[in-house]
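Following are the structures in question.
Note that chain A is present in both complexes that follow, paired respectively with chain B and with chain C.
Here is the complex of A and B:
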């Protein structure tokens, strides 16, 4: 795992079930921070992180602005806030305009992680119903980070993975179980 | 447009000197994003072009306006407004400071809430950094298709009143009724430089997100110094107080309402 500083995941429609299963099957000693940006209803503040936390051996939180990113924790973008990774190893939040009709925007989270972690960033795009996240994943690839796209054939909605595949060539295209196995085999 | 750290620092220093807002204390990445958006809006191609624009008072005012982040919706986080209504219910008088207004969504949300509670003696001071911002607030009009979220949030207030009691449909969109601003006084300027007055409530939600740690800490200290005994500070639900030097204590922790 020393090759990477964090795993950054983006997803939209259908991605909650994928993330839930993934977190429940990660090995208990998985220590890389996992930073997740999922499109979600903006007026529902609670429930998502709590549900993920029940199934995960890692602590799942919706971070506060300027919260430090720590090993072994999962950070879920809060509803109605953009979430960024800062150079000093903290999370920042923002209520700036929507991007790709989304707040939180997956592009914003992934692109900021690319700038902060560069080649030590592991980016993953999951199922989803719009193109948000494609540019962010390309930014990670452009900085020599490692990129994975969920196999569109396994996606509940394939727009998001297909949008990523249109503009970049990921290192791997995997099913949800394949992504979990990949993460569990990181050394 | 690509801006280096040195560009950002130079721009921050120039803007701070000419506009009077401490942009040098803003979070670097946030400030970079806003400057790029502002440059695109104004058609600025070179950093050097900014200096002459800042010497033009009208253009400087527009720049100050473009640097602010508009509120996303009225009654954002309805549970916050419900909690505030509960806290304020029964009060006979109230003084409020909103030190950094943007598009007026927070102000109108507050004024609707105070009207629902029925406090007799209200004084609200709304502070802006730009004349354009002030004009936007006073003439606020929301296209009907964008008003749906405001109505939905209003319903979640569970107030027993109707949206139409406070907002009216016009040919230019949905407008707040003019009496909502009856108890509001507007002032212009950077809140950190304002003379210290004391208030019962300060609303400063989702503004600290824009600041780096140094300005964040100074701002919270400044705001805490402007509260009466028992006064409250409301910040955004995902903001936190970094400083331990104030006597602010959580009052409604889940809604980020603090009390001295």
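Here is the complex of A and C:
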């Protein structure tokens, strides 16, 4: 795990179930921070972090602005805010305009993580019905970070993984279980 | 030229001081303007001096102008059940909305005051750096279709508070023109005043009971947060309420002057 500073995950339609299962199966001593940006339906504004927290051995939080990113914690983009990784290892939030019709925007989270962590960033794009996130994952790959795309065949909606595959070549294309195994086997 | 040098020159040339905005946030937005206009920072500075429209565009991009009616309904419901039940019973109640943009939070609060029977003794002030968004707030006229979710927020708050009110009680809707306009009895209440938080004192003489300061300080570094919060704090009555954004908190230095009560902060009474 020393090769990476954080895991950054983006997903939209269908991704909540995937993330829930992944977090529940991660080994208890998984120590990299996990930074997640998921689109959510506008009327479901709370409870997401609480639901993930119950199933996860890691602490799941919706971070406050300027909160320090710590090992062994999961950071979930709060509803209606963009979430960025800053150079000083903190989270910052913004309510600026939507990007790809989305707030939070996965591109924003992933691109900022790419800029801050460079080759020590591990980026994952999951199922989703929007192209948001494709450019962000490409930014991670361009900075020599490690990239994984959920196998479109296993995706509830394959627009998001396919959009990523259209503009970049990830290091791995895996099923949700494959992604979990990969994370659990990180040295 | 890096973004810090750009901001230093921009301050000298225009009087707008963004030097203590948080680094990543402002450099990201400046990069965006640079990419979209296909200009370097040097070229942008030259253009700012000769092209008023471009200068305004830079300011619009740097200052985030997002605002929505009843943003974060759970917070409004919580305020209704707590703070709003404890407001002064007779005297004037003064609200200050800092960074109010197009004024939708100002009108959200006034709707609640109307429902509580407090509208007549309310004083509402909205301040913002950007005179163009303030003008929209004064007019109280917004696109309808693009903002249909205002209605969802409104209905969620009314349901959560157990209040019986309709969106149309407060807005005149003209679907053919794609417009909704705040009704005159609300529109006449607030004062919208330009204020540059970094440089200016509060642009009014009285003290305030409630400060809405949501999702503004997220763009400032700690040093600037402390400076501005000291100014804000000095305009608040003892025991007055401060409401921040859902994911915001006070710096440790400022926290010594407030007590957190549910969704809001209360200014400590100094003995």
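Definition applied: the second predicted complex is superposed on the first by the 184 of 187 C-alpha atoms of A that agree within 3 Å, B and C clash if a C-alpha of one lies under 4 Å from a C-alpha of the other, contacts with A are read in each partner's own complex, and residues count from 1 in each chain.
Operating definition for what follows: a contact is a pair of C-beta atoms (placed from the backbone, for glycine too) under 8 Å apart; a residue touches a chain by one contact, two chains touch by 3 or more.
Computed from a predicted model, the values in this text were never measured in an experiment.
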item	value
Fit or clash - chain C, chain B, common chain A	clash
Contacts of A:33 with chain B and chain C, given as first, second, both or neither	neither
Touched partner set for A:95, first chain B, second chain C, both or neither	both
Partner chain(s) touched by A:80 [first = chain B, second = chain C, both, neither]	both
First, second, both or neither for A:14, with chain B first and chain C second	neither
Residues of chain A at both interfaces, chain B in one complex, chain C in the other	42-43, 45, 62-66, 78, 80-81, 84, 86-87, 92-97, 112
Chain B-touching residues of chain A, taken from the complex the two chains share	42-43, 45, 62-67, 78, 80-81, 84, 86-87, 92-97, 103, 112
Contacting residues of chain C [partner chain A, same complex]	22-25, 28-29, 64, 66, 71-74, 149, 152, 156, 215, 217-219, 222, 245-249
Interface residues, chain B side, partner chain A - complex	27, 29-30, 33, 69-72, 76-79, 149, 152-153, 156, 206, 208-210, 213, 216, 236-240, 242
Sites on chain A touched by chain C in the complex	42-43, 45-46, 62-66, 78, 80-81, 84, 86-87, 92-97, 112
